[in-house]
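Each structure below appears as structure tokens.
Here come two complexes built around chain A, the first alongside chain B, the second alongside chain C.
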Partner chain A sequence: MPLIIKDEYPKKLFREDGKRLDGRSEKELRPIKMEVGVIQNADGSAYLEWGNNKIYAAVYGPREVHPHHLAKPDRGVLRVFYRMATFSVFDRKRPAPGRREKEISMIVADCIEPVLFLELYPGTSFEVFIEVLDADGGTRCASTTVAALALADAGIPMKSLVSAVAVGKIDGKKVVDLSGIEDKAGDADLPIAITWYNEEVSLLQFDGDMDLSEMNDFLSDAKEALESIHKTQLNVLKSKYLKLQEETKTNKEKESKKGDE
Partner chain B sequence: MMDIKRIISKIERDYIISNLKKEERIDGRGLWEYREFQIKSDIIASAEGSADVSLGDTKIITGLKYEVGEPFPDLPDEGVCTVMAELLPLASPLFERGPPDEQSIELARVVDRGIRHADCVQTKNLCIKEREAVYILFVDMYVINYSGNLIDAGGVSALTTLISAHIPEGVWNSDKGETDWTGKYITGETLVKELPFVVTYGKIDDIIFLDPSLPEELVCDGKISISVTEEKITSIQKSGAATFSIDEIKTLGKKSLEIGKKLRKDLNLLQYLSKID
Partner chain C sequence: MEENEEPVDNDFEDFEEDDASRDVVVPGEVLTEDVKNFLPGRGTILNKEKNKIISLNIGLKQIKKNYINVIPLRGFYTPRPGDKVIALVVDKNPVKYKCDINSKDFGQLKPKNTIKRGRTRGFRGGDVDREETGTERFDIGDILIVKVLSADRLNKPELTTVGKYLGKKSGGIVITIDPPKIPRVIGRNGSMIKMLKSLTGCNIFVTQNGRIWLKGEDIAHERLLIESIHKIASEAHTVGLTDRMQEFIINEKKKRGIE
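What follows is the complex of A and B.
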């Protein structure tokens, strides 16, 4: 529930007790909740709540490429469409996609492509639709994380998952996982993603200022946070398959009982 | 995962029709039965009202935003409420990217007309200063999963969103010629009076049934949507190539009022009124 009427930034981003405005310590992540298989029609899908961010991702593919001229004869294409709902931000966003949404779509696609075996799917496309319904800072990182999860849910062969997080500087202090207000009123913002199969950086942007030692700290802080996000992603996928395993088991038992009768 | 095709095979079509002739539905429902509604309200922190409504596997998330703007010259003391719908390509392989198509415009229009003609949104309470400043409400529906009958799910979603609304209260500052904010909120009780429900039927040959599911929607000849308040019919939309006899329309009008009453009682949407002061 929005309690601000004007979109004003606070002067200080730390409270008197040294915690951040939402009560977190400097290296603490916001609460993260993930779910897979949330959209029945899609080949794969995932839902992510990350702080106040609420994002759906759905994967369709491999399927025919539209428009046809985008198809590549020797490999599949990955297309990502990042969109924000009109009510996901403070001032109503116009319904048509803007430049920012197109840029982020491209960045997310470039970030995820390395983990896919697109050469196995010539002439087809994988389309990932990301819908941000509620936005509160770090949506490109959250979108990357949830898109990777949706691709895995679709059963598409992947070298590994991808996880992303933003680190940055607010009031001169280094923090992990910037919220919307910290992103807007802070001094520096560095979104970063890791492809886990080679543990290399697949998304990297930076706005603000930092010296070399700060950059080193940012990278190691981010790595630590990303490991915990990766763990959550893996757990969500594992629990999906454990559930399926149990279902098949009970179904089989039922069938064998029927057979006995 | 459901198998969705734009074209349903003749065998499947015949199967659906022969079942309907026996007054049976492929999902086990009776002819006049809704799928289950599931409703959550106020789920979007950035929106001034929101709802997540599922009707069977159809899922629509709606949010409300507002702007302060000038009123229409012919209604100088009334606010404005507009409804928009997005059929996200995320929701179905049948939906394509791009600007709103006929289907999404029809969805938005039918839901909008149901609300507009029912004395639902109290537009006079949305006036800050006559001729100068009124609230403009945007009720935006996003289809998350498409499994038939978007109109009825959208209607409940838009209505729940309006009921859960909490819009900052503004007063006119005539010295500065702009709006000042009191820190209080206008909530659903001031905003919404009548609760209109849209009731949609499909028709195949001469069989009519409530709440078409996706396969039924794909094979049916046409649909009819009737919006009702407690006592009155407030809007009707016939779509598709089906034709309806006068008697059928009369029966459906009566039936819609009954179904509307039942929905009003079963869904009890007023429980979603915003608790904020």
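What follows is the complex of A and C.
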């Protein structure tokens, strides 16, 4: 007889002091750490740690499309491969791409496509490989964020970056950035992605139950969170170059001071 | 071919040291909201409401007259007619050679574009050598310096080996850096490349697809040169690079005991 462990969720998702189970307040994001240029052989790459999520993204392209029948004569194609490592979740995940992976690959591609100029590269493909090493809720949002970062790092012309975050409802309260357990045990889950060029919503999925009148509140909460994520993205992209620029500047100043003395 | 001084391309107007305000910008960043006085140049776009100019690339902001440009720091090579590039022969058949030119498509080199010029095919009254077709033969794995004859979005670029400095390269080392950083390796009017040549005593051929061919008197000089080029590529966005590189090479030469 196989041992069947039933998923058990805590009855309350808020602690006695009013904070969430991981000690966050309602509108607080999990700690985010990003890095670019982590994979040497890729054209562009990025790494993201968002709470317990650990995700790598690598970009290759523009290059020839394989299989060739997927190539389009008038525009390029963006292909996203979202994969989860076998050890990324509690039960071993079977390594073959399943329904969920295919869906997330598709939505990530669809939500980044509007910011790219694919019509300038007919017959070619841009390929984004997303590897989730550790998953704890909100990987589709994290994947979108990190994929946009990797594309920008590859030097592919983009109208803007894309950021994503999930908002939702747990124990009847509106919260931002749901963790794995809140996602499963909560009432509603609403991942949102935004393209900063013209600030349009690029992804909007919904799962659970809530009142339609709450929608506006959710969107404004998400906007606030997305802005802070976008700021981190920009800083990460720039910091690599700014650091070097400042180093050389200070060196120069030192030299000129020496010369004066 | 190696003895000749390679021409310095004056086509590169990027990375000017004086007037370029060296702000690092990223995709989606607003460059200016003053659309009356400025026009979107290279690497930029107007937003839908046409009240902001935004950047498309990760690069350096540059204002030239009333145009705002973004000089990319990362990116890929797009072949343009007239470019001289280093190509690697990856496949051949009777009709064409397939060449890797570090772009999205393989370049095509047809035998008619490899005909040696200025050679007599037999002499007057004598037999024409039927074996000698006048075309050069290459093998898979050969490194060629080629010129791009035609290139556009839809068709594969066509190459030629007919011309000055073009043809097969034997010996030496080929290294690859990010194509947008090539102008920096050349420097303004070739100042950087002249400095590198004179200090390391190596022969260098820099091409626009990011590949650099080099050959020195010994491996120590070549190694120093390769390190310097990678240093230039990583510090391409900083000011006063030529002077710093000169200092670096002189110091390293002393440290390594090579002259």
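Everything below uses one rule, namely that the second predicted complex is superposed on the first by the 235 of 261 C-alpha atoms of A that agree within 3 Å, B and C clash if a C-alpha of one lies under 4 Å from a C-alpha of the other, contacts with A are read in each partner's own complex, and residues count from 1 in each chain.
Keep in mind that, in the parts below, contacts are C-beta pairs under 8 Å (C-beta built on N, C-alpha and C of every residue); 3 or more make two chains touch, one makes a residue touch a chain.
None of these values were measured; they are calculated from a predicted model.
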- Touching partner for A:L133 - first (chain B), second (chain C), both, neither: first
- Identify the partner contact of A:K54: answer first if only chain B is touched, second if only chain C is, both if each is, neither if none is. first
- Check the residue A:F81 against both partner chains and state whether it touches chain B (first), chain C (second), both, or neither. first
- Message: Quick check on the superposed pair: does A:E224 touch chain B, chain C, both, or neither? Answer first, second, both or neither.
- Response: neither
- Message: In the overlaid three-chain picture, which partner chain does A:D153 touch, first (chain B) or second (chain C), both, or neither?
- Response: second
- Query: Given the touch rule stated above, what does A:N41 touch, chain B (first), chain C (second), both, or neither?
  - Reply: first
- Item | chain B versus chain C as contact partner of A:T124, first or second or both or neither | second
- Task: Using the touch definition from the top, say if A:V89 reaches chain B (first), chain C (second), both or neither.
- Result: first
- Message: Shared contact residues on chain A, chain B side and chain C side combined as an intersection?
- Response: 43, 63
- Query: Touching chain B in the complex: which residues of chain A?
  - Reply: 1-2, 5-6, 39-43, 45, 52, 54, 56-58, 60, 63, 66, 81, 83, 85-92, 95-96, 127, 129-131, 133-136
- Query: Mind pulling up the chain C residues that touch chain A in the complex?
  - Reply: 22, 24, 26-29, 43, 45, 47-49, 54, 56-58, 72-76, 104-105, 153-154, 178, 180, 234-235, 237-240, 244
- Item | chain A contact footprint on chain B (complex, rising order) | 1-2, 4, 42-48, 50, 57, 59, 61, 63-67, 84, 86, 88-93, 96-97, 99, 138, 140, 142, 144-147, 166, 168, 181, 183, 276
- Note which residues of chain A are touching chain C in the complex, please. 43-44, 61-64, 115, 117, 120-124, 152-161, 196-198, 234, 237-238, 241-242, 244-245, 248-249, 252
